[in-house]
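Residue numbering begins at 1 within each chain, and the chains themselves are lettered A, B, C and D in the order written.
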Amino acid sequence: MNEAGVCMKKILNDAHQFVDESLDGILLAHSDVLHRVEGDPRAIVRQDAPVQGKVAIATGGGYGHLPTFLGYVGQGLVDGACVGNVFSSPSADAMLAVTRAIDGGSGVLYLYGNYFGDSMNFDLAAEMAADEGIQVETVRVADDVASASLAERQKRRGVAGIFYGYKIAGACADTGASLAEVKETTELALNNVRTMGMGFSPCTIPASGKPTFDIAEDEIEIGIGIHGEPGIARQKTGTAKELVAQLLTPLVEELELSAEDEVSVLVNGMGSTPLEELYIAYREVHQWLFDKKIHVDRPFVGAYATSLEMAGFSLSIFKLNDSFKKYLHAPARTPFVKL
Amino acid sequence: MSNATRAIKEWARTAKDEFNQLDGVQGDGDLGVTVELMAEALDKAAEQTTDLKTWLMVGGALVRRQAPSTMGVLLSFALNAAGRFLPEGAESSAETWGVIQQQMIEEIKKRGGAELGDRTVLDAFIPASAAYRQHILAGDSLPLALEKATLAAREGAESTKSILPKTGRSRWVGDRVIGEVDGGAWLCYKVYQTLSHFFTSP
Amino acid sequence: MNEAGVCMKKILNDAHQFVDESLDGILLAHSDVLHRVEGDPRAIVRQDAPVQGKVAIATGGGYGHLPTFLGYVGQGLVDGACVGNVFSSPSADAMLAVTRAIDGGSGVLYLYGNYFGDSMNFDLAAEMAADEGIQVETVRVADDVASASLAERQKRRGVAGIFYGYKIAGACADTGASLAEVKETTELALNNVRTMGMGFSPCTIPASGKPTFDIAEDEIEIGIGIHGEPGIARQKTGTAKELVAQLLTPLVEELELSAEDEVSVLVNGMGSTPLEELYIAYREVHQWLFDKKIHVDRPFVGAYATSLEMAGFSLSIFKLNDSFKKYLHAPARTPFVKL
Amino acid sequence: MSNATRAIKEWARTAKDEFNQLDGVQGDGDLGVTVELMAEALDKAAEQTTDLKTWLMVGGALVRRQAPSTMGVLLSFALNAAGRFLPEGAESSAETWGVIQQQMIEEIKKRGGAELGDRTVLDAFIPASAAYRQHILAGDSLPLALEKATLAAREGAESTKSILPKTGRSRWVGDRVIGEVDGGAWLCYKVYQTLSHFFTSP
């Protein structure tokens, strides 16, 4: 493999230009919806930003998780996203640029995954924005039950459940709710969202050229994070039924689900796991919940938060009530996610 | 100063894989990339100014923009805090560098909430900085102080092998990291070592 | 690995139930849109079939290409699909079941990829349907320039360009056009569609448990088919710019594109190639065409015709005119594809 | 008959990987799966009936439904054509089996458009069927005729190693297949061999 990483069998010109060239492609393909903030190529907002009078939602994080984060910029979801290097936080400067570009006078909600680097940067951006008179509130997604105990829930990582955060925050903001209301509603919703995932094989960060972890031919990683961070256990793989039960049990327990409860389910592929397999997982999820008389209102099956070409999947459960359902069913449309 | 930053930049290029791998044990495997970007940012700052305070401020901002991962943001905060602390026109001297290290450590503690023994960069940085100051105060030469600091950093970094992580991404990993050094701590040792070589035989 | 293939690191209960369990999951998740024909679990049609008075579009092929074929069943695209085993033709019986279920009195267009096995089965189904008084016409998609010379165009394989076939046929049928008109319009459109792809790594058919082909660490297969069939050459991989130029050149030449022509572009991922990389490819496509003053009307970037977890991508070019554009812009919506 | 189909079914299970691999050289690597499904379908048909004509009709329909790939559909067409050709109540005999093979070959040619030398199943089937008939006509025993047919099938299959494909998926592969036998032709040889063993030591 050469320095530029060309022999990695990736579509790539130069590993160090991976993020910027990929973003170029996205902006060229979707210029009708997406727009780069003047002067900051890593700050991307919806074409019609700022939407006057609407609370704006900003998100961001490392690159390599498409459609997370940038892919949720559009109608009914988020207003702007800043983009870091692969699996690395964006800079506070890019966050500030997004904040300025999307604030329509009603304030900005920062909604992102709970990682230390991202938190520090978003906090710094919020300080800078406050200095400029922009109202900012923050909600950190911390849905990954494998990453800390329930007692330390605020320390958990944010993974695929961020999708539900976007959906609720975006739909709530579209009703004209205030910044405080959007924040509260989003937090309430996320209190009812739990996720756990498992990884089958690693991915390769272009700039490093090496797989993010080693794993045996017949082993899987339970509780893996979306950057390939180790989870809670390694084990031999099992049947779809066994794997689904293993992921689902802790989610259902924590959410204290019982008969006649209604949930939405997200079966999320981590990158290279085929849709065909994800639907086998969904079949098991459905049957498992059905046996417990838990109703699935709206399943989502596909790639919602990925880790480049990592193989594996995660399950998220969102315990619904009528108001969450209303927001969940509201239309939403971005170049990457159409609901 | 730009000679020293260039030495670090050159070293960082060769060390990328090692740090990605170390970080991969407990984190997301991108520390090597961060190290390279941080070193580039600091060298770029050194090309823009010869004033120490300015370099700390510009370098901090460039690191924040170009390498905003955990290590990068902490370093950025730390450099800026040290820069703010120095008086206008402060000259580079062995004593001043001792102060800079102290300020950086305080800021990293403040921003990151970690302490000695939490399996972070601090486990190397705190003993290294202490050794440095002690030898400078005792009237030893800069090369000697750096050599001693390097030794202390290495010992501190090695000590992380047996520490369970309490903070950062590595928090989730549990005892699988036992036996491996923390990437940030090892980075700290390597930077001292590179500087020590540079000042011994520049 | 055991007989059931459980150790393949796939989400799988039993390799022999792969297709049927995956279809179960799809039907459970999307029962609002999709419906199984009574008595044939491999025959799937839109919930509101037959649509009276509209020409119906039937498709089908082997499994493992999602969203192709089944994923295009819905509004504005196709009315029904039959599903074979992985990479194998569906049976003529399933095709006949779909045909019966979707015929709304105006006849059925069979629209599928040009493979020998599929052709034989669809032809047999057409014979049986004719015996029952259902009018059937056939359009075979043969867009893969790597699979035969221009002189033998009717022998070419059908690959990702089938997406454009569905889009045009579906939109045309929705206007109330006759079977003959839908057939003619679809054929005309497909005459203006060309595709070529390249593979980076193979996939594993669950029932076989082995990779579909071997390839060196630094080699790629040019002109690969969507079943991993060998293409026209193996070579060392190159930069994104080089790879895109290699795929694009024959397409542009055959379509005789010149300055001021308008095209739609499909950058199709074969399964495990991340979206991030596909957009780097799109950037190169856009620049390459831009330099020749060829305008891109509407790009599609993503997984439109896959090969399980194969890595690689294909480029399709559709040379537009005003009538094709009108059909291309018409809305379309299935559980898998929302335009 | 069901003993013979069971023997083939059992053999097919063990041979799956070999045929997937052979098919992978020029096609999509699923021939082994097809072989297994075809063998199961034929055995199921044999469980349903002992009448030869009915078995050919039912077996053809089951193969079509359960293994509708190129090889499967061609076999299905071929079995049905042979079934239609036989008179009601036709008894299984060495001569009848000769007729069945001939009818099958004609139908495969008609439906698939391939001829001897096009690198398909026909390159083994045509010489094997010819050898079989020749030996039965000469008054040889069924086991001997099957043994000779097996030899001819093997020779025919081996000959495909040097043939460039003109039809089917393998058309696209060009001279990369040179040196490998065609999967369908090899399948034909293996079926004759299995039947030959079965009738020699059932």
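As a convention for this text, a contact is a pair of C-beta atoms (placed from the backbone, for glycine too) under 8 Å apart; a residue touches a chain by one contact, two chains touch by 3 or more.
All values reported here derive from a predicted model rather than from experimental measurement.
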Required steps from subunit A to subunit D (each step between touching chains, minimum): 2
Whole-Å gap between the CA centroids of subunit A and subunit C: 29
Computed distance of Cα centres, subunit D from subunit C, in Å: 32
Centre-to-centre distance between subunit D and subunit B (centres being mean Cα positions), rounded to whole Å: 72
Centre-of-Cα separation between subunit C and subunit B, whole angstrom: 53
Residues of subunit A engaged with two or more neighbouring chains: none
Multi-partner residues of subunit B (at least 2 other chains): none
Arrangement of touching chains [line / ring / star / complete / other]: line
Contact pairs between chains, per stated definition: A-B, A-C, C-D
Partner subunit A, residues of subunit B touching it in the complex: 16-17, 20-21, 24, 26-30, 32-34, 37, 64-70, 72-74, 77, 111-112, 167-169, 171-174, 176
Subunit D-touching residues of subunit C, taken from the complex the two chains share: 84-93, 115-117, 120-121, 124, 146-148, 155, 157, 205, 207-208, 210, 212-213, 223, 225, 227-232
Subunit C residues within the subunit A interface of the complex: 1, 4, 6-7, 9-14, 18, 21-26, 28-29, 63-64, 66-67, 71, 200-201, 217-218, 220, 236-241, 243, 271-284, 286, 299, 301, 303, 306, 308-309, 311, 313, 336, 338
